[in-house]
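Given below, in the form of structure tokens, are the structures.
Look at the two complexes coming up: chain A is in both, with chain B in one and chain C in the other.
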Partner chain A sequence: MYGFESMTFNIHGGYLEAIVRGHRAGLLTAADYNNLCQCETLDDIKMHLSATEYGPYLQNEPSPLHTTTIVEKCTLKLVDEYKYMLCQATEPLSTFLEYITYGHMIDNVVLIVTGTLHERDVHELLEKCHPLGMFDSIATLAVAQNMRELYRLVLVDTPLAPYFSECITSEDLDDMNIEIMRNTLYKAYLEDFYKFCQKLGGATAEIMSDLLAFEADRRAVNITINSIGTELTRDDRRKLYSNFGLLYPYGHEELAVCEDIDQVRAVMEKYPPYQSIFSKLSYGESQMLDKAFYEEEVKRLCLAFEQQFHYGVFFAYMRLREQEIRNLMWISECVAQNQKSRVHDSVVFIF
Partner chain B sequence: MERMEKFLDNLPPMDLMRSEKMTLVQLIIPVETAHRAVSYLGELGLLQFRDLNAEKSPFQRTFVNQVKRCGEMSRKLRFFKDQISKAGLLSSVHPVVEPDVELEDLEIQLAEHEHELIEMNSNSEKLQQRYNELLEFKMVLQKAGGFLVSSNNHAVAEETELSENVYSNDDYVETSSLLEQEMRHADQSGLRFISGIICKSKALRFERMLFRATRGNMLFNQEPAGEEIMDPLSAEMVEKTVFVVFFSGEQARTKILKICEAFGANSYPVPEDISKQRQITREVLSRLSELETTLDAGVRHRNKALTSIGYHLTQWMSMVRREKAVYDTLNMLNFDVTKKCLVGEGWCPIFAKAQIQEALQQATFDSNSQVGVIFHVMDAFESPPTYFRTNHFTNAYQEIVDAYGVARYQEANPAVYTVITFPFLFAVMFGDWGHGICLLLGALVLIARESRLSTQKLGSFMEMLFGGRYVLLLMSLFSIYCGLIYNEFFSVPFHIFGGSAYKCRDATCSDAHSAGLIKFRDPYPFGVDPSWRGSRSELPFLNSLKMKLSILLGVAQMNLGIILSYFNARFFHDSLDIRYQFVPQMIFLNSLFGYLSLLIIIKWCTGSQADLYHVMIYMFLSPTDDLGENELFWGQRPLQIVLLLLALIAVPWMLFPKPFILKKLHSERFQGRTYGMLGSSEFDLDVEPDSSWQHQEEFNFSEVFVHQMIHSIEFVLGAVSNTASYLRLWALSLAHSELSTVFYEKVLLLAWGYDNIVIRLVGLAVFAFATAFILLMMETLSAFLHALRLHWVEFQNKFYHGDGYKFKPFSFALITEDDN
Partner chain C sequence: MSGTSTVGDSSSWATALVKISPYTFSAVGIAIAIGVSVLGAAWGIYITGSSLIGAAVKAPRITSKNLISVIFCEAVAIYGVIVAIILQTKLESVPASQIHAPESLRAGYAIFASGIIVGFANLVCGLCVGIIGSSCALSDAQNSSLFVKILVIEIFGSALGLFGVIVGIIMSAQATWPAKSV
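== the complex of A and B ==
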């Protein structure tokens, strides 16, 4: 029903769109961040947050706080909101909402597998998993010895199963394998999500394709930078790029052969939307790249709220909250470790 | 004129008419007295502090540590409350009243209690865990033992069958036992088993996972474990399933153990030997009973501790809330230069100054301070808050007015009139003394239970009803009055005040509806004649009566509104508003609709047949024409011409002079000060610290003129539309009486026509239901809303600004439990 969403969207999606827009109004503002950056102790942060929507989640925490508690509670709020929305959602919105969590699922699988490889305790690992990416049999991941077992034992029941078709090998798991698996899975996930959004059509397809293309391009750049100097061959690297996005296909060809960060930069500067990101960085620098990408992403996510009658707002809201939680974690860490001068290094203001 | 002014000045003051006179005060409190002084003021509850540190964030303020400590304490108290409710104990309804403990002592006490509780919880948790383990072990022993035995027997039986076939007549017993031993041996070497217990909800997935992990080379036996076991995390009872897995190989064993761990399945070793099993079971049982007694003792101990906390909990909570409020207030104060005093500013009503001073003195005395608290009045540049001292009765009416907008400081308060006019206008629309009595009973029940209900926590709907109980009371009383005038009792007419003045033309009364009735004696003394019900003259008469009544009431109420604007102008010494707003408005409204009201009254008194529509319409279309048969009194035509001219003059009168005069006044005021404007702001503060003076610094003529234009146009158009709006009184009253007639005649009487008890009962039920829900609830609501509109729009827009802000004193009594 391209172009006619405004007639029918509110029948099923109206309530939840209102809810999500209400949640968005609760995101911390620049004024909040300024106040938070002035905090001296974690208790100050708690006190400030108690005046925001996080208040009820933090009020029952006993006083010597830890950064992890703050982050955990803030994530809990996001999870509660997500669960509520998922409960209320009807098709196809519920599938859309589920798609949002697959990224976390992939991260969790990788976390557990890497952890067991290094002989960590499973329960300890489970606590570190993102609650949005949990599934029933996640703890059993520790049993698997290689990819094939991983797939056959556990993942075949999860929504990630179709993404696995590319990476079933009988090789034993090692760090490199796992990293490749993560990226292959992510590639398949993004492509699937992209296809799903295209199928939905209308404003959702329009906005989500923009957001997902950005995500795919960012991953492509990150893969390139991270694989420089490793034994990953050019063809293998090329295979990890998602088959859509602004860089697809010619940018990918060029990225695949890059040997250092400046070559990546030269490739990216050919694309006007990314020119501004790289123009902020000095030559040879890649530390600030993450922040620059995050800032650009936040800008794009905020723009998603400018249009009505599409599902992009849900994706954008979840991503913005996650960014906010990352910000809070950074601020709390800086405050806890008395590194207040570095607070602004990684905080991305949302409004 | 002079005498009139004098008379008005000497009128007794009306309490509710003007809000309390307020003053801005400054307090300079020595640090050692500060806490006590502020808490005494909180008990008094008559001073609204201004936040002098608004630009500081909460954790940069002076008393942030104390606020944090209070937050921490209330967290502990919440923890206790939670624990008490989890333990199923009730915190005592009548708390012990103790002398106030010091905050520091309380803090220590709370920390001790919390520590004790946490320790007890962790102890009992450990015990509980061990208890659970034993319980599970017991179940596994019982059920899994059963599996083992049955599977062994089964195997043995099969084997024996086989052996019977093979070794037909050889020494049977020996062989079989030998074989059995071999089997056992095989069991020990190849076939092993793991037994354990798992949540019922996970069992299916567990089995599937085992199947996949071992590639189907296993045997899974399960049986529900009869009892439920408490889950230590969520404290809920969970159903569990006992399972036994048979498998072979060492590798499978590690895999299965890992899977068990991943699924949170506890595995317990079960010996195959039955006698050993029995022995272990006995041991487990005895240890279980031991643990049970320990656990019980622990729970008793904990409950005792919790009960003793519960006695004080309410008191502690209110104390912590008060302390937090005191520190929050202290955070609004500033330190003076010497850092020895706190400086605060706030609004208080003038009558309360003495009380506040007394409280401050008491505080100084109680804290043995050398220096007293300095309390003095300051000049204010902003408008003070609005404070009405209301009581139980007037509060609801004040709320009705405040819902539209809080009165500007010292502005005439419409609530004074609303107390009567609101219920009365409601009753005009809801006139039925039967329904009125129902409402009255409801209101009386609410009022009789006032003391009990006011302490309870009510639902939102009940709270609304309870809050408006006195509105409901007056509404019902007036409905009874109006119902008597309309002569309606559930739409049944009654001969209360003597016999009817009318009778039918003949005995059958068949033509009452078509031809009407004949009058044969003096009119019915009070209200509408009951015989008219259902006759030809009923509707025309009632419509004419109600329509004219609505116009009379409307014109009267609008006039009252304009007169209040006069009192406002007089109070604020604004002669401009009187001359160029009040006077033309009065003239305009009364020359048109005041005249209409006069005509209505004359028509009623003389019984004339004149057509008032015609008179009013031709008063505009052709004022000079002869009125003919519509003339009601001598000299009506010249009067109409005069009134029309007056109305025409009134429009430019209220539009033009005021802005021009304001402009002139402004230019006069700044004459010869052409270059005084630069530093004027500071200069003016010193010379004329008058708040109204500040706003006129910049004079924008076009803005003022446009504003005046809008105001005038609104009034002129409003005079017509508002008068028409009052016709809703007639419309709703008609709707109400017609609805109740329908329910009475078409439901109740129809059902009564049948000689069948069931139909009668159903009819009665439908009638009662419709009366209760449609007439009593829906109609009350709609009449209420229309009365509300008439007050907010038609009445209050004549004089009420409603742009003030409410007085919110710092008061312990107003601190509610909103923080949980």
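== the complex of A and C ==
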């Protein structure tokens, strides 16, 4: 019954919801970002971060610091918080929390397969994997030669197994196929997550539908823009779009035939929520599109915290944290490479 | 609808209802007064308590102030106990010939109604205060100036239980059993 979740949600989810809201209070604010942007060296960044909640994670790092260390430790904090919440959660919250990490699992699988294709060492690749997306048999991915083996040897035991039904072919893995595989898996994952949230019903379904629809639409636009000028056919492109979201189905029809960015813009401007995003870009420009999408996503994620007694806050928190880590990585890279003027190009303030 | 006029008219619902002893109604009323009030109080306490504990992990300063929400929920159970005690003092024995007299039935129904009023008013009051208390704890953890403002909402919420108690006591004052006939 929508509207009456407040009576029974707290039995299983009350404690964790309060914990995640406490974590949200620890996200970096605009004032923190301003301080960080003024830093001259990575040690300054470490000093500023030690006053925030990242303090305990960074204080034992020896100088000279590296940007990857900062990002790694910040990600470690997120992983610790996630694991705490996961072990405290009961069904269906625990399944929901696991769903949030499947995207990272897909990224890790693709990372290892691509790296193996380019003859990199497996251990080096494993270190680059995102910790939230690790699973037990991940190292054996390096052995597989084509997708069928990939599935049979490794992935059939992971939660990603049901997403593979659409992309098992016997072709050998190469760069193009791997990208298509990544997008097909992600499409199946988003649809599965969407169905799961619909099944949960109530405020969770409503809020998560909105957030996932935005994600699906954003991926559709990115796929379109990235495949302009490649050998991806229109039908293949259409197969990679998810079957929900604001753009489904008419927007997808139009996007599938787009050949350049201005056509994409023309399609998107018919949809009011995306028209405001595209109006920020001048004609022919696509670099700022990522930042515009991130800003819109952050706005929607913050709105998820306005309601109580639903699971959307967990998803929103994880995404906001990831955005914060992206911001920190960008700031660290700009400081390390002495490009302070470009710092504000890609930092999205959350508060 | 034929009432109790004919003794042999046993096939109408009204007769069946009226033949139930007024003591049954009174006892059920007293049970509902205390039982459902305590249900409301417990429901409210767990709703506010679980949020309070989680929020206090990151913001320990909120614990002592936010116990007020738990106390408001508890007050609801106390209203139930008080009314149940008052109601049980209204029970008197009447001789067997008077059990189904109209006065007796009236007394039985008055106690039953009083019990239902208090029980269900306290149930929703406890729920209301519990949900507000949970939001109060979460907001206080983020911004401590919000606490007093949300407390005002809680006070209005707990007035609901008080309304129920007042009406219940007025109803139970009607519960006069027939005097013992000579």
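Basically, the second predicted complex is superposed on the first by the 350 of 351 C-alpha atoms of A that agree within 3 Å, B and C clash if a C-alpha of one lies under 4 Å from a C-alpha of the other, contacts with A are read in each partner's own complex, and residues count from 1 in each chain.
In the analysis below, a residue touches a chain if its C-beta (ideal position, glycine included) is under 8 Å from a C-beta of that chain, and two chains touch if they have at least 3 such contacts.
Keep in mind that what you see is a predicted model, and the values were worked out from it rather than measured.
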Which superposed partner A:Val143 touches (first chain B, second chain C, both, neither): first
First (chain B), second (chain C), both or neither touched by A:Pro62: first
First, second, both or neither for A:Met134, with chain B first and chain C second: neither
Of chain C and chain B, partner touching more chain A residues: B
Which of chain B and chain C A:Leu117 touches, first, second, both or neither: neither
Partner chain in contact with A:Ala336 - chain B first, chain C second, else both or neither: neither
Chain B versus chain C as contact partner of A:Leu76, first or second or both or neither: neither
First (chain B), second (chain C), both or neither touched by A:Leu153: first
Which superposed partner A:Ile11 touches (first chain B, second chain C, both, neither): second
Which of chain B and chain C A:Ala25 touches, first, second, both or neither: second
Chain A residues contacted in one complex by chain B, in the other by chain C: none
Of all residues in chain A, those that touch chain C in their complex: 6-7, 10-11, 14-19, 21-23, 25-26, 308
Footprint of chain B on chain A - complex, ascending: 35, 38-40, 43-44, 47-48, 50-51, 59-63, 122, 136-137, 139-143, 152-154
Residue ranges of chain C touching chain A (in the complex, touch as defined): 43, 46-47, 50-55, 57-59, 127, 131, 134-135, 137-138, 141-142
Of all residues in chain B, those that touch chain A in their complex: 57-60, 64, 67-68, 71-72, 75, 78-79, 205, 209, 212-213, 255, 258-259, 261-264
